[in-house]
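See structure below.
Letters are used for the chains, namely A, B, C, D and E, taken in the order the chains are written, and counting of residues starts over at 1 for each.
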């Protein structure tokens, strides 16, 4: 019961973890490379969700200063971090996709297992 | 209370989307669902007060990333 | 404590050959004569610089010099005491003779441009081992010598040589790693590995035992001690004969020297006696002696037989350490001298025969003594000394060893010595008898016209052969004096 | 001005990195000189930093003038300076070597992109070494991951592409773990600065022990994947062997080390020591490192491609670094740190030597290398020095790091690990020496027709590194000094 | 996609998207968004143009030379602006501390160098994204895989 309550209180963290596991699992188990990259994106966004949830102050407002208002703001630092994180994630995605299309040109498939098979056959 | 309900709805939508992305075999569909996932994620972030992140995610996760995925898939195979 | 003198001379004696080896390598492309001349000159100068230390050492002083530190507290240090001097003197002396011998020997072989620099470099590193001031320096030169002498072993580059060389290399690495382990354990236990610090480990413990075993493996490997001797009978015969003479005559002794230092510097007599490690050494020594001699009988390749004989003789030296008393130690150090002289005589003589006739099989050597009387004469002297016939130096060392064994209250070792002498006789005498009294057929009735080898080869052999006789005839010779002093020095050092 | 040197290092490299493609368009022949010039400048600057830190002591640099908890902080201490020295020296030498080799291995159009990626890689690694901020470290780790995948995939043959996608995916997994760990740490401490986290963590440990433990293990897994710790090494052999030789040299020599270095920094500077007493993380690292050392060597023995063999050997050698981390004593850790530099020298030299052989003759198979030493004595001489150093022969730098690791193991009363080190040295000997022996002695092979002369420019870096191995084998004093200071908290 | 509706709509909408992107870039210090998000928006407008007309027409609008100039130039601009801090005697990327005039809060020119930085970032991101898209969809020779 206690655990359920704890979960209810921290449901953002919980959802973030669930998404992380889904993303991680997709990345590890699917042999399709594009699927892997989507999994990577899910994994990354889940961590960003986690970050945002850390910075969230209940009842706080977005950290945009307006004159003369005494609001309580949410922590802006995680947002700054996530922005950087998104940049990184997008660049990795883009790079991975360009690699994948080149791999397709060479192997005719985007499936990691099939590529490994082709490689194994070649080396024999 | 309403806000909390909306939260739950959006979060469960996220999970459903994520699982759907993982399970669906048509890559284009997966990418579209992923775009929806990104948009919902952007909404959640906006609700959490991180509007900077939300706008970036909306532009990138739902926009450019999807373009890139689709461009790649159009050059390669569509089904897994 | 000992009186210490700081002097550059030992460093010079180590570094000069190493430096000259580079010069020789450079000049060897230009002129063969220059290369040979430089090699001999280097060996002579090195011998002279070692000999120059004689008066200082004889007055009981110790020469110490530290070059630089590699790790904090561990550096290249050089230290010459009486034991170091004994070994350095005999090795540089024999090196000098062998360098003269090599000139003609190598003129028929390929790769002289490689041989001479390596040969001189090995001299430097071997002297480095003997004159090292701590185990760290010793280790560095030990590895240097072992790796460089690999090139000497595989000089012929036949398939057989390469295989033997590979075995030698791997065993060397294993030995080096064991030594590394031992030294690091000693360093951890004692905080230093210097030879000038008195006994390093005074209490037997598990770690100390591990260190002892590791030392035994490391140095025993080089000394051809029983279960680790397997590389020796392969590696020594395949090397060119002058190199075999050095490998068997001198480089084996580096292992023996290391063991002496371990027993009397790292540990001491009381620790070893208390922990009964001397028994272990004794058993190993007996097995080594009997095995080496017995297997030598079954070998018909001349150099291979000599190599097995070396294993047996190294057994004597290990036995001398195991007895842990001063008399045995005298015999031990003297046997290092005598074996160095005897074995190099034998290998050089065998080399002269092979060089002249190309024959390696013992059965082909009938009547060779009549054609090469000087060579075979020296061979005979050395072989008789090996067996232990009285007026020769081998007899003197065995006699002292036996006295030591009796002193230690272990007459069984005397029996072992006698048995092994008998076995020695069994494999040396037939060669001599056949050489002088046998008919003149070479194997399948081939007649080869043979005369003596060139004088550059005979003279070193003859000098060494006469050495066997002289050191035996005169019991008060310089080598024996040195042995006496070295033994008392070591023994008193180890008895607090 | 002196105070700005640390940030200038990164700015120079990134600036040069972005200018190269521009230059390539307008002044083609200036791209390479610019690369070399920036790398040399960085090398000089990092030497200057060693001098500066030695004289004035460690200092911090605040980006944007914002002091820490808010701003990003660069910490210029002995540890960082040591790593900067390693990165800049090896980086410069490998690039000098690459001048000719890349022209041979890559297409002309992508040459300038290679310089871009290379400078980006070195710059980001310097960032990892310098930064004192957890998230900033993550960003640099990601940049270096992309750049290092880039310098593999840039040689567009299918093996490289496959290797780099494998590397990319595993490395993204690793950085996902690192990012989550960063989030965890931020959650419990509210800080990203190393110093502040270290101050907060002991108190936080009592409140949220699980979060911190999860963060610790995620760091180890994430950085372990990137530095090819044993069961996570699967990407390394393909990636390092198929890449162009300069890439292999810098990947094996520097890239895997920088992550191990980051882990050292985290474990040593950030996490409180009492956590290691409570949970056996270090023992797990130690166990894995033992496996790495042995399995890496055993796999290396059965390879017949020389670069693949070197790659497997890297797995074994990174095991030494992790063994130093796992033992966690002062001397063991200094052994590990020392091995970072020593292995960087040895392995990049070996890869460059292998690259030279491939450049000159096209031979990759170990069996075909017989007699190569007679034709390429200098190259194989350097290779021999590297092999000796791998085995740990005294007088080479490999010996010094082994000595320290072994002493560290004995300090903790664990002679077993000394035995492991010795066993692996023996294994190293078993697979390195036959190559050397075959190269110099034994059967001579006919010189093949496609023999190409080796330009001096390629040979010089190899010889410099070989000399470095020997020099630091005899005079490791300055290095040890630096590491000793780095070890003091 | 030769659809007249799509073409007409996108012709109409692209300028507005671009304007919005520029707005996001230049108001990064005042409102949500910034160089990166704005750059991505500008890029997506160009990609939209490329998709709805055809790729060749799209890539003609932003030539390879220009985009690579923008890519490198954007990053270099960022570094150069960062150096202003050092030149003014403070640290790298220093803004207020170095004495850069900030202007009045709430106005466009109110953030010192951040405004300048955002411009650089926006240009780089936009051009990089476009290059990436074209190289992925096979519009031109693919070597734009860096960020």
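Definition applied: a residue touches a chain if its C-beta (ideal position, glycine included) is under 8 Å from a C-beta of that chain, and two chains touch if they have at least 3 such contacts.
Just so we're clear, the structure is a prediction, and the values are computed from it rather than from any experiment.
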Residual chain clusters - chain D taken out, nothing else repositioned: A, B, E | C
Minimal step count in the chain contact network, chain C to chain D: 1
A-D or A-E, whichever has more C-beta pairs in contact: A-D
Chain occupying the most central position, where position means C-alpha average: D
Cα-centroid distance, chain B relative to chain E, in whole angstrom: 23
Centre distance in Å when chain A and chain B are each reduced to the mean of their C-alpha atoms: 11
Intercentroid distance (Cα basis), chain C paired with chain B, Å: 80
Distance from the mean Cα position of chain C to that of chain A, given in whole angstrom: 70
Residue numbers of chain B (touch at least two other chains): 51-52, 56, 60, 64, 68, 71-72, 75
Of all residues in chain E, the ones touching two or more other chains: 32, 34, 36, 40, 129, 132, 136, 138, 145-147
Chains grouped in pairs wherever the two touch, ordered by label: A-B, A-D, A-E, B-E, C-D, D-E
Chain A residues touching chain B - in the complex, by the definition given at the top: 11-12, 15, 18-19, 22-23, 25-26, 30, 32, 34-35, 37-39, 41-42, 45, 48-49, 52-53, 55-57, 60-64, 73-74, 78-80, 82-83, 86, 90, 93-94, 97-98, 100-101, 104, 109-111
Residue ranges of chain E touching chain D (in the complex, touch as defined): 65, 68-69, 71-73, 75-76, 79, 82-83, 85-86, 90-98, 141, 143, 145-147
Contacting residues of chain E [partner chain A, same complex]: 30-32, 34, 36, 40, 105-106, 129, 132, 135-136, 138, 142, 144-147
Sites on chain E touched by chain B in the complex: 24, 32-34, 36-37, 40-41, 43-44, 47, 51, 129, 132-133, 136-138
Residues on chain B engaged by chain A in the complex (per definition of touch): 7-8, 11, 14-15, 18-19, 21-22, 27, 30-31, 34, 37-38, 41, 44-45, 48-53, 56-57, 60-61, 64-65, 68-69, 71-73, 75-77, 80
